[in-house]
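Got a structure for you, questions after.
So that you can tell them apart, the chains are marked A, B, C, D and E in the order they are listed, and the count of residues begins at 1 in each.
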Amino acid sequence: MVPRVILGGGIVKGMIETARNFVGSYTDASRLTTVEYPEQRIPLHANARQFPFLVFDGTDPMAGLRCVACQICEKECPPQCIYIIKDSVKKPDYLGKMQMQPKVFDIDLSVCMSCQICVEVCPFDAIKMDTEFELSNDDRFAGLLVNKHQLAKPNSHFARIHPAEAAEVDGRLAAEKAKAEAKARADAEAKAKAAATSPPPAGNPSSSPPPKS
Amino acid sequence: MEGGFIAMPTDVILWILGGLILISAVMSLALRNLIHCALFLMVCFLGLAGLYLHLNAVFSGLVQALVYVGAVGIILIFAILLTEGGGTETGSHLGSQWRTGIGLAVLLAFALLGAVSNSPQTTQAARHTEEPTVREIGLKLMTDYLLPLQTIGLLLTAAAIGAVVLAMQEPKPRKDETP
Amino acid sequence: MEPLKGLLSTLWKALTDQPDPKAPFLESIPEDYRSLASAVLSVAPILMVFPLLFALTTVLERKGLGRIQNRLGPNRVGPAGFLQFAADGLKTLTKEDVVPRAADRVVHFLAPIALVIPVLLTFAVLPFGRNLAPIDLDAGLLFFFAVSSATELAVFMAGWASRNKYSLLGALRAVAQMVSYEIPLVLAALSVVMITGTLSLSAIAAAQSPTPGSFLAPWYVFTPWGLMGFLLFMIAACAEANRSPFDLPEGESEIIAGYYLEYSGFKFALFFLGEYLGLFASSGLAITLFLGGWNAPFAFMQGWLPSWVWFFAKLATLIAVFIWIRGTLPRVRMDQLMGLAWKFMIPMTLLTLVAAGLWHRLPSAPLRWVACTALLAGAFLVLGRVLMPRTRHGRRVYRYAD
Amino acid sequence: MTFYLALSVLLFCVGLAGVLARRHAIMALIGIELMLNAANINFIAFWRHSSAADDLSGMFWMIFSVAIAAAEAAVGLALVILVFRHRRSVRLDELESLKG
Amino acid sequence: MTGVLDILWLIPALPLLVSAILSLTPARVKGGAAPLSIGALGLGFLIACAALAEAVSDPGQVRAHNFTWFEFGSSAVKIGWVLDPLSALMLVMVTFVAGWIFVFSIGYMSHDENFTRFYCFLSLFTSAMLGVVMSNSLLMLFACWEVMGLASYLLIGFWHHRPSAAAAARKAFIYTRIGDIGFLLGMLWLYAETGTLLLYDNGAGCLEANALTQLAGAAISTGMAASTGIALLLFCGAIGKSGQIPLHVWLPDAMEGPTPVSALIHAATMVAAGVFLMARIHPLSTATASAKPIVTATAPANATAQSAQPAVRMEAAPKSQAHAEAAAKPTEAGGDSTSSPTLTLNVMAWVGALTALLASLVAVAQYDIKRILAYSTVSQLGFMFLGLATGGPAVGVFHLLTHAFFKALLFLGAGSVIHGCHEEQDIRRMGGLWRRMPATFGTYAVGMMALSGVPLLFSGFWSKDEILHSALAWSGSKWPFALGLVAAVATAFYMTRQMAYVFFGPHRGHPAMYEQGHRIPVTQPHESPMVMTLPLGVLAACAILLTVVGTPMWPWLHSVLSGHAPEVRREVSVGVLFAMLISILAAGTGFTAGWICYMRRRASGFNDGDPLQTRIPSIWRCLESRGWIDELYKMSFGIWTAAAGRFCDWLDRIVLGGGVRMIQNAALATAWMGRLWDEFFLNGGFARGCEQTRNSADRASLVQNGQIQRYLRILAGALALVALWIIWK
């Protein structure tokens, strides 16, 4: 267009560019990326993340809580915004195994920098990243310190906000659960067989070894 | 601003302008804070500009406003700031023998007022000729007053350059002054 | 009732370009208040129209900038956001007017007023329509510059009074900028004065009205020196009004908010009012000087619309251009600002004066076109070369540590 | 007419008093400006009341005196700044060394 | 062609311009010097030819172009130039010879670092010479004469780092200056008498009829006619410049300069200027009260002073009978006029003859190649003056022209030899060069034969024969003829001696410079490059061709110079044949003597003496040391002036100095007394007075103690008082 060598050259190119934007904004709707926020919302992306939340299975938040208060996330959190106190009472996890549970699980959202390290290090997929960002309130200090009850959210919510990730996690847990049950069944059968063959003489160890589980 | 702008009698305006000028003049010299003095001086100059307009000398009134309020005012304020006059002055802002000074000024005032009051000139009535158009001024300026115009031009450039040169010199660190 | 009817007929006469619009209303006024009434009559419309225009412009500006930046701009308050100015106005009125303790109370209070009054005074001289010039002074242009030079004083008062280093810095920057851009502003206007021969703005506007026979109106902007003068005048006006590329004094990033730092509430709004009115005044002057004031661009269009419509149309376009510039250009550094003024603008305006003289003296049309264009284009390139960053792409030199 | 003459005399004397009384150099300059303006009033007043119709000499006197006053102010203030830089103070009664 | 007169001034102007340009160009810029000067001279030569063509077309007519140089009061000094056969011939000769000498010096001076300065001086000299030749006013002639002297000084002393060259230059300058005093006096006398220095000025010139009669008539106390006196004084200038007897010593020493300089100045042009001067003012020297006016000229009145004089057209009345008659029939007895020759011609003849004889004898005993030629020039000049006095200007000028060519040729030949032998000038070091430098030898031989008067083929013979004939037929006295004859014999003798030494016999160059530590082997003498041999060839050709101009059978030159159309004459009078026979005899004896002495017994080594020296040792020593004239001068004038100098010094320092010192002391004494008086008597009283004033001043100084506001207060107070006084007066 206008050669940059003349003094006004750059300015004119700039002006033409903004004019094109200005006109474009009227003609080409795709340019206007903004929406009327409170009324309209832009759908969040799959990997959008704001602040962590605790996942619980089933219906009872405290009972279904996956978190076993292993405190790995507390240690790993760079701004140290997670605070956990173990609970003396244990509760069964999804495999029925008795696990610890947190008595106090606080996250200071004003400090959390949503780096998702806690999610990565959690062995039990107990903590995931939520997409809730409208957290403004009038108390600068306590207002953003959320406790265990406020953090706990059902797995269905997780599935809704991160479907792919939730599916993957659920699949993995289900597989483990199935494996555990299969093993349990196998143990049970083995015990049952052992019980059935124990009346005949204990002596013929040479009979075929117990079927491999 | 044509004569008799508002229906009020003309000499009322005169008195207002006169009073404004004198009061602001006195204030501009009496106050301790230099910036205030400078601002009052501006008010005084505006009053004078108004006076000239009232005297139908529109061109000179505007020149007065443009030159004094526009240019001299700014320089004055810059000068005050550069000489650390911003704050209010500590200690007495009056010179050592200020009484004799003011006494002399008052003496002069009486002398001149005396002269003014009984001079024959003043009895003549004010004559309302129509104000000269800018074209007339321009033509006369360029023909009859060309030499003064050129010399003034020369003088102004010399003053401008001179002022810049003077003010531009870096201060030599004086012996007794730690750099 | 008599005055009301008089007022209506005056309004009608004014809007339809008839000579001496004030007559009907003034007859209906008793004798001794007549001069006062005529004064009020010419002041009132200015006080009504231009603050309203200011309000509209703030909204237009934000919408325009939005659109430039691919976003909508305010559209919440009122239809498509056009009541936004009411909201802003209300906000400034209700906001607490904080005055810093260390501030110099009197000067602090006077500063915004001292800023707005001269700007309003400048409107007294601009010819809005064929006979809609509030005061037709013989030295109209001189009046305009005399009064507009007072704004610097007000800016200084504001900056100094608030006793704050940043505001003082902003004020001195603004004053330095306005002083050094006043010279090109006056010189650019001077070329028009030289051609028309008078200082009175209405005469200048009248001089640019198209003769019935011709096609294009004889606006000065259609002459080479006029175009260059117009460009320089606009740049200087932009700088004078501390707007867009030259808004260094309010450079938010460097010195927070410039000289009106310690102002809030209505005084803060006054500053903005002053700034925008200054913008309107100088673009009004630009229109009168270069764009043919209240004349139509083409001869045949002269009768279509009343003269003041043309004036305000041009004003609108100029405001759009200012907004457009504000949307595009980044802020100019202080030394570039000064360099542009002293090294480019002033020489160019002097050359425009020469070109105008040349234009006036040369008899044949094509010859004077070629001569003036050559002179100005040449000067522009040469002076431009001085300012252009010298990007020398020499051969790359490798230096190895020996 | 007497009004103008009286006004200019008073203004002149106020300026003079200011110059004589105040210690600060810039105040002296302000005083001088006032005195100059006092003179200008007379020019315009006599021009207005003079008989000759087209004789604009009074106005030109005033304009030229304004120009000179501006030049004088510029140079004066430059000098004051220079003096300030050298002597670190602008008190007139302190600036009395007649040495170079 | 009438325009040639107007552009005649270009001929001297061009070389002058070139010399100016060259004077400004830096020494290292060698390129421009030669071509510029040669070009200027070439152009001059063309114009000169045109001028010659016009002059010859109507020989009788004298065309002069005068203009006013400057005015003082009512009278004005007018100068100008003249175009008549004499000046035209000289112009052609000078430009031609100088041109070829310039070409020669390109080669000769090529490796000299001041090449440009050399050409600058040469051009300056040539322009001065051309100025002399064509000037129509004695004043302009004298001016160019002086510039020529200056140029010769500069050129002789060109290698100023050599003390001998510097001394020689000074010597040349002083001796010519002595001659010029005479010239100046002559001019002043002439101006006093006739009121104008213009030679031809439509009848008002000093060489025209009424001026001549007036001069001839005016006699001074001793009864000598003014014209004769003036002529004699002018002759003094000629003696100085052409190196005649009393003032000839500078010419041999002038050989210190580069050879082209000697060729140009001391052979062809400058020295000839003296002869030319006498030829130019010949009417003056022959003017006698009885003589009819020589040249009458009628011309329109002078144009106004400022504008240049319109070319002066003079229909020359037939030259005076005496003059024409002499030229027409050179052979007739009585060179100039039937009556006895005037005193000037007598003096000129005797001086010419004596110089010719003495110089030729001294030349015999010289060992420096250039000094031999220098003395030969002096003697030939003597011949020219002799010819001028006895046979009128035509004879003298003819010998001058021929001499110019062959002497320039000889000098250039010598230069080429010197150049070949690597700056060797002593003929005892040369020998056997004819094989190594054939071209130089050939042209040198032609020049030698022309000089010594080998009959028929060579122009030198004819011109010398003319002189001898006119001397023989001279009514004055026969002795000059006898002296001239002996000189002619001596000329032939020393030229053969020189040829023998230089070109024949074994090469007596330095045996072997090699052993004496010079690492570079001394190359044998080598032939000069083309740029040097070409001029030699051309000059040689001219030396031969010039015979055409002056043989008795077709005296073209004589008739042209005497102002009427040349015509071929069949019959040759007995006298002419007799004179020819005598000169052939003289030349023959000279050759044979030279052959006997030098050719047969070749001088083998450097130091075995000159054969002649062995025979007549005492005379030889006298001749070799140039007749001790230098010593004579040194003894006489040298001592005088030294003594006078010492006397003046004594007078100044002792007598006057003493007086000044005495006055000085007197002043000191009075000063002392004044101080004493002042110290004790006055101060006392006065000091008290000062005290009072100082105290009061302190109080008054308060007004100026730096307090600005105090000043302002005083000012305001005064203003107030004045206002009050005005109001209440």
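By our rule, a residue touches a chain if its C-beta (ideal position, glycine included) is under 8 Å from a C-beta of that chain, and two chains touch if they have at least 3 such contacts.
None of these values were measured; they are calculated from a predicted model.
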| item | value |
| --- | --- |
| Joint neighbours of subunit E and subunit D, given as chain labels | B |
| Chains touching both subunit A and subunit B, listed by label | C |
| Path length in the contact graph (subunit A to subunit D, fewest steps) | 3 |
| Chain pair whose interface holds the most contacting C-beta pairs | B-D |
| From subunit C, the most remote chain by mean C-alpha position | E |
| Gap in Å, rounded to a whole number, between the CA centres of subunit D and subunit C | 34 |
| Rounded Å distance between subunit B and subunit C, as computed from the means of their C-alpha atoms | 29 |
| Inter-centroid spacing, subunit E versus subunit B (mean Cα positions, whole Å) | 86 |
| Chain centre separation in whole Å, for subunit C relative to subunit A (CA means) | 59 |
| Residues of subunit B engaged with two or more neighbouring chains | 59, 63, 71, 95-96, 100-101, 104-105, 108, 112 |
| Per-residue overlap in subunit E, given as positions that touch at least 2 other chains | 709, 712-713, 716 |
| Chain-chain contacts as defined at top | A-C, B-C, B-D, B-E, D-E |
| Subunit E-touching residues of subunit B, taken from the complex the two chains share | 95-97, 100-101, 104-105, 107-108, 111-112, 114-115 |
| Contact footprint of subunit D on subunit B as seen in their complex | 11, 14, 18, 21-22, 25-26, 28-29, 34, 37-38, 41, 44-45, 48, 51-52, 55-57, 59-60, 63-64, 67-68, 71-72, 75-76, 78-80, 82-85, 89, 92-96, 98, 100-102, 104-106, 108-109, 112-113, 116-117, 119, 121-127, 129, 132, 136-137, 140-141, 145, 148, 152, 155-156, 158-160, 162-164, 166-167, 169, 171-172, 174, 177 |
| Subunit C partner contacts - residues on subunit A that touch it in the complex | 5-8, 11, 14-15, 17-19, 21-22, 24-26, 31-34 |
| Residues of subunit D touching subunit E in the complex | 16, 19-20, 28, 92-93, 95-98 |
| Contact set on subunit B toward subunit C in their complex | 1, 4-7, 33, 35-36, 39, 42, 49, 58-59, 62-63, 65-66, 69-71, 73-74, 77, 81, 86, 131, 133-135 |
